[in-house]
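Below, chain A partners chain B and then partners chain C, in two separate complexes.
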Partner chain A sequence: MNLLSEMQRDALAEVFNIGAGRAALSISEIVGDEVKLSVPSIEVKKSVEIGVETLPLNNERFGTVHQNFTGPFEATAMLLFSEEKALEIVRDMMGSQMSLEELVEFEQEAMCELGNIILNACLSAMADILGISLNSTLPCYTIASCTELLHTITSSMDQDYVLVLNIVFTSVKRESEGQLILLLSSASLTNLIRHIDHFLGGI
Partner chain B sequence: MPMPDTILEDVFNAINLGLIIVDAQYNVLFWNDWIFKHTHIKQVEAKGHKLGGVFSEPLPPTFLNALKNTLEYGLPTIISNALHRSPLPLYDFSSQTNEKVRINQSITMSPLLPQRGGRHCIIQVTDSTTSIKREKMLLSHSEILRRDAVTDSLTGIFNRRFFDEHYKIAFHNAIRQRQCLSILMVDIDYFKNYNDYYGHLSGDNTLRAVAQALKSQLFRASDVIARYGGEEFVLILPDLSAGQAEKVAEKLKNSVFNLAIPHKNSPLFNQVTISIGLSVGMPKVEYDILGRADAALYLAKQQGRNRCVALPLLDEEQK
Partner chain C sequence: MTNDIAKKLLIVDDSKVSRMLVRAQIVAVHPEWTILDACSGEESIALVEKGPPDYCIMDINMPGILGTDAAEKILEKYPSIRMVILSANIQETYQSRANALGAAFVAKPVSEKSIALALNHFQCPK
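Right after this comes the complex of A and B.
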């Protein structure tokens, strides 16, 4: 089942790429080196269809940053990086600034900030382009296994839909891939589509 | 009944956390005692002024951008201590040193939407200095424990546990990189007799002296010496030809001989000596280099001690 038309999907991909661009700018500023972020693909699925094959969950454990946001539509936004990749990125970011790369607590805090930057950038791009205003909770960082993660996604009572975006993170040293997942109720998805159509109608 | 504002203000001033509230135009509306304590700038001096202009030092762009985003989009933002050590000019004035010490901070910015005046932002600042100290302490403790776990307490060189792990790694590295590997088994000659004659305390001192003498002959970071057990030591020397390895073995033997530790209970010499079994060559997975070095050591003992015997990894006829 294709829940979004090609036009709608392109528009949404555009929104998230703008967000990713803003996030990349902020991150580059922190790292003092060029970092690129892009969102090459976007998919909408029913959450019951989410399985191991949707998310490249071949890794055992994930670092996830999530924020719940509300506004014209409500969603749980989760940013996923394999734990290994998450630590690599954060270590690169912390690199020269402090020699504390072995300090787990700081990695978690740094990961939380990184997720916060990416999520906020995507949400603010959405707010700007769709002309809406969103509220959000503070970011929360957890490490979860693949099973726990799938459980979270498929068991959320009223959030039947999932927006899955692949995010490619490129820094001088490495290229990493993560996923941004938005869990939406059907009412929220309808509202999101309405806002996209409104935006498409306006151009 | 709603709580009176004065109590709320007392609460804000009592908590052990920095609080700054700014309005949509970046003007400071509130600033609690914690911030005063770490800036020595009173709330009345800051109130009504743009946050960026209140301090005598400029604020970093990341902080200002985060604040701008929070006020503009109403999205909460965190600034972690890991990536920004000390964004605000806050100091620990109670520090004993004469220098002002800037405190490590973790910052959270959350939007507030009062009834009028547009979006505000509440900035919470926590001092993460103590948690950094705690982590550093834990790290150094774990470093000590890690070192203790691989060190032989008597001689201070690596222990058997470390050797067993390191041997596996060195063995597989040599196979992968097609390099020679040398294993040297070292045994102090007539050590039982030594202990019987001089006592265990002297025996321990001799073990220490021999360990140090052997260790002093190693100059490459890749070379490892460990206590294998009792009066036996083992060395792993990667990437040496048979000839080079035999030269090292000769130097090791001489280094102990030159210590000239008296050993009146030695049937052959009047001083402490060692025998060395060396096995050297390009290893394959199925080879037992350790067993081979042990066999070489046995030969060295048979051939009269205070000497080194080298064996290739396989006998000529087995090749």
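Right after this comes the complex of A and C.
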């Protein structure tokens, strides 16, 4: 779907690249390791067109952190990790000497904190660069199957569009792939595009 | 190399928007400069071979080789080029790598402030 022009897509990708760079610094300090970032890719789809192929993480179950953002446009931001990677990240955050039982106990809190850092870094970069203000709800972490996740995305009746951002965070210790999805209503997408055009017009 | 007035700057970034922002900020201060751009590390190396610039502003996170790897190759052959690594990847590892190359590290986003830092580095004697 070509809802975004090449320039609009480029601008959004660069905005998220800056956000991901900020997030990578925080993550590297938390997990004590260098974090490499892939070049972000962006795709806009109708939520009803979302299928398993949209989720390049090839997993049956996901660790998902989601937060709602409000302001000139409203969006639900979701950060996806494969379930086993999520536990590995928690292990890096909390210390490798922890038992599996202890890790599971901290998983909810640790993943919410990690998601909060990444999602807010990306959305804050967008707000700063576009000159807008966004508020966020508290992060919420759930483990969901691929089917459950797709159902959540496609059943958001008031959010017609899905902006799929794919950034791979890779630690030197182990590859940890994360995917960011923004759910937007058509009105919100129009508002987002309007702000991007305003930003581009200012160059 | 060109004379003191008409300097040549190479901007390397895979984002067209980013290249446009850098160009606009530079032109506002130095409208007399010649500005070239490249969208990858590989393209920047090829452009430098055709005629080395005085200055280079290089992103890190691009398709193909990393900007820091491209900068290293360029500086090995043309050590007099003043290099600035301009990146969103602000981790200490990447800042140290830039400094080890003799380049300055400047954090994105592209702004009047970040470009002023780059220009300061260009004006410092090597």
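Note that the second predicted complex is superposed on the first by the 191 of 203 C-alpha atoms of A that agree within 3 Å, B and C clash if a C-alpha of one lies under 4 Å from a C-alpha of the other, contacts with A are read in each partner's own complex, and residues count from 1 in each chain.
Basically, contacts are C-beta pairs under 8 Å (C-beta built on N, C-alpha and C of every residue); 3 or more make two chains touch, one makes a residue touch a chain.
Quantities reported herein were computed from a predicted structural model and do not represent experimental measurements.
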Partner chain(s) touched by A:Thr147 [first = chain B, second = chain C, both, neither]: neither
First (chain B), second (chain C), both or neither touched by A:Ser5: neither
First (chain B), second (chain C), both or neither touched by A:Glu109: first
Chain B versus chain C as contact partner of A:Ser41, first or second or both or neither: neither
First (chain B), second (chain C), both or neither touched by A:Glu14: second
First, second, both or neither for A:Thr190, with chain B first and chain C second: neither
First (chain B), second (chain C), both or neither touched by A:Thr70: neither
First, second, both or neither for A:Ala127, with chain B first and chain C second: first
Shared chain A contacts, counted only where both chain B and chain C touch the same residue: none
Residue numbers on chain B that touch chain A, as the complex places them: 61-62, 65, 69, 72-85, 106, 108, 110-111, 131-132, 135-136, 139
Chain C residues touching chain A - in the complex, by the definition given at the top: 14-18, 20-21, 24, 61-63, 87-93, 107-109
Touch list for chain A against partner chain C, complex: 6-7, 10-11, 13-14, 17-22, 24-25, 28, 34-35, 37-39, 125, 128-129, 200, 203
In the complex with chain B, residue positions of chain A that touch it: 26, 29-30, 69, 90, 93-94, 97-98, 100, 102-103, 105-107, 109-110, 112-113, 116, 120, 123-124, 127, 133-139
